[in-house]
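Read through the structure below, which is laid out as structure tokens, and then see the notes.
Think of it as A, B and C in the order they're written, each chain with its own count starting at 1.
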């Protein structure tokens, strides 16, 4: 038998019409241990299936007996819920074919079990229904008018927080050591490492994240990952593949600073800075300046993508965009000299 | 008899002091049919009036009998509510003289029954009370302290979502085919066409909107309208008449792209692009460049307002703002050559 | 006996583990009157103490009898709550040593009893626990998983609004004459003066604020204060000491306009404008231009910090950043000529 890729027991919400709107996996498991796999394969079929609370309790017991307490955790947490649960067994990390799988993978990311860009997320948009996320839980978008009127009738306030395929991360996963000033800005599927603070203006999409510790006051687009000790200033922008960056997958290294209202369409290595208010697109023409103030070369920003020790500013005397760097960095990065 | 402009039956919230805070019209009607008008005029007086649930049920029945099921819908939806309803009959689209009228017109916009800038909204600020929008519904701002303490006393959490004259659209209208990642960013009175996605950083004011389909990650100010297939990048800005744009009413055409952190104080026709990070104000001096790279003329951006096929960039070699366009576009747009 | 600095009676939330998560002081008092001080010292010990509702009622009565109705207000408001209250007596404005003190000072600011930068906030981060602010109130971050599962079990929706040391202001203080379009953007400890409107894109940190009247569509960072009649455009940025501004404490005077997507790392006096999209950092080289269009001098922006009557633009012909000012302003501001 091949190794299992993933296992989870979840609690789902259905629309009145019976459609699965969302699935909460409190403790998803990636690559369960050999002992856990044997128990899972014995009790649960591959794919998505229904699991009674009694079966979940029994499964938890068997997993614990087999020494797989980790894999038992999700079952145990949900075993007291008085409705059928959702079991998910994935043999491989394949394209997504169900709502449960989509939610499972998003929760793997937010539980820090997978880094952004390491999971197969093909098909995710098709499998995620658009949902009205309300103060009374997930409601089908075509059922929301009736819900609003029903609330009026009984004197309740029904607040719609968002209408989206993706819920807010914090209603599913609360990672340790993190501060999130406005939870509506973090989609489920975001990866927030230990020590990360996302301020009110920060935003993190699914399959995107900050390794931590980080201060995030800007936007981390889908597919973008930010390294340790990097700060994103207020309203700063990273171009994602879904948001105008085309095929370039932006990544930001460690100890970088992207200033307030600045942005980048190229990747940055470590110890890079973009001054406040400056947007570097891949086509921006940049003068590369050494530490003596001499111009080393002129390049399109995309040629500098991923290099370290760069300081991008708009020279306020010449108004040209400069990349200041030190000789050590220039030497280190052969690429930087490639087109001299 | 003249034609009626509008008709609605709504459910309102009063403050403890008896002031109308808001009115929900689940199915507002613009220009009711002749049959509907005859029934309405027979049963309801012009202006704002109170309607018992029993009268609403009867009115609904009469409208249906007259073949005006559309006009009956609002009555039917609310007829089971056990408190007096609000009926509104408007003969003309005049300046707003009541809270009910203000809410009616805002809901016409969000129900896509009227485009932005087509309704008489004079007096709207005076007729909209400032309200504390809370997890327990609309509360008068001078009654919120008592409500906070009452909640503490009984162990409830009272969350204040906003203090504003305008509520969030989604607590009133959920248009079809729309995604809204953060509902607190869309005011009632926004017009969101089919196929519009508003991401977390997007914002749409009242009397403003996107025809759809659109991707909105920037701010659509009051009075601004965005054409089909246009994308607004993250934090991009459109100047509204309430927000620094003065008398110029900005509109954005179809197939445009306003880059992340960019902005415009002029209107754009179709197929225009503003590169990420560039703000075009009406006074920005722009070199107009043809497809051979030759400068055709130099103009203030306001002279280009509303033209099509323009690409605005800051030339990163010369640092000047350029409007690149093709000869076809130049020929097409006589205005563009007017001051050559 | 020395004068008392502060007095408050509050209602607190404890985590299941017994830790104080937050304290609500409905009517905090700064510098109580002599009569109030005598009653307070007689009934309440200095520092943080527990107060039964009965004692609170008695204290309120005694304060009223002594002619100190203001100081009695907090006791009276909370006296009907059926759990021990928190009393706080501060002799001096010293470094913060308890969660109650931190909350007391943040509420002094939001109640407009203290201006930003006038209170000793040393130690505040250490004394504020990180809290999950939810639709069911404050929950310890290590207790939130259990709460999420408990909510699922009983069919409730538990929404986590934020995970932060600071709650939203409006769940504690609703200042008069203010509109706040998205309450999640205003931290407790913000100072919002009469007549201030904070739009959806506005943000105000703790120990920061707007004197009012103001239109705030940009970000007011920690330590920053904005004068009367000043507008901050959408997404505009003020650098705070916590957010990249280093040691410079930015303040903005009266009748200023910071354009949309613009920003400043220097202070502005009165009647200053920064055009939309322009970010002035302290190191920006600026040509100072008089009203005849002549260059008076070239300076780093930090040399102009705090001056009045400045208009900052990027000249779209030369692409240089200019500070345009009038001769009167130049004469008035000797500093401006200092390095001629």
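Points to keep in mind about this one:
Following the convention adopted for this analysis, a residue touches a chain if its C-beta (ideal position, glycine included) is under 8 Å from a C-beta of that chain, and two chains touch if they have at least 3 such contacts.
Just so it is clear, the structure is predicted and the values come from calculations on it, not from any experiment.
Taking shared numbers over all numbers used, the chain B to chain C interface scores under half, which places it in the different class. Between the two copies, chain A and chain B, the C-alpha superposition involves a rotation of 120 degrees in steps of 5. Per-chain Cα centroids separate chain B from chain C by 31 Å.
Under the contact definition stated at the top, the residues of chain C that touch 2 or more other chains are 135, 161, 184, 235, 261, 277-278, 319.
In the complex of the two chains, the chain A residues touching chain B come out as 130, 132, 135, 141, 144-145, 148-149, 152-153, 157-166, 184-185, 187, 203, 219, 221, 235, 237, 239, 243-244, 261-263, 265, 277-279, 281, 283-286, 314, 318-321. Chain B meets chain A in the complex at residues 11, 24, 26, 77-78, 80-82, 134-137, 161, 168, 170-172, 174, 176, 178-184, 200-201, 217, 231, 233-235, 257, 259-261, 275-278, 316-317, 319.
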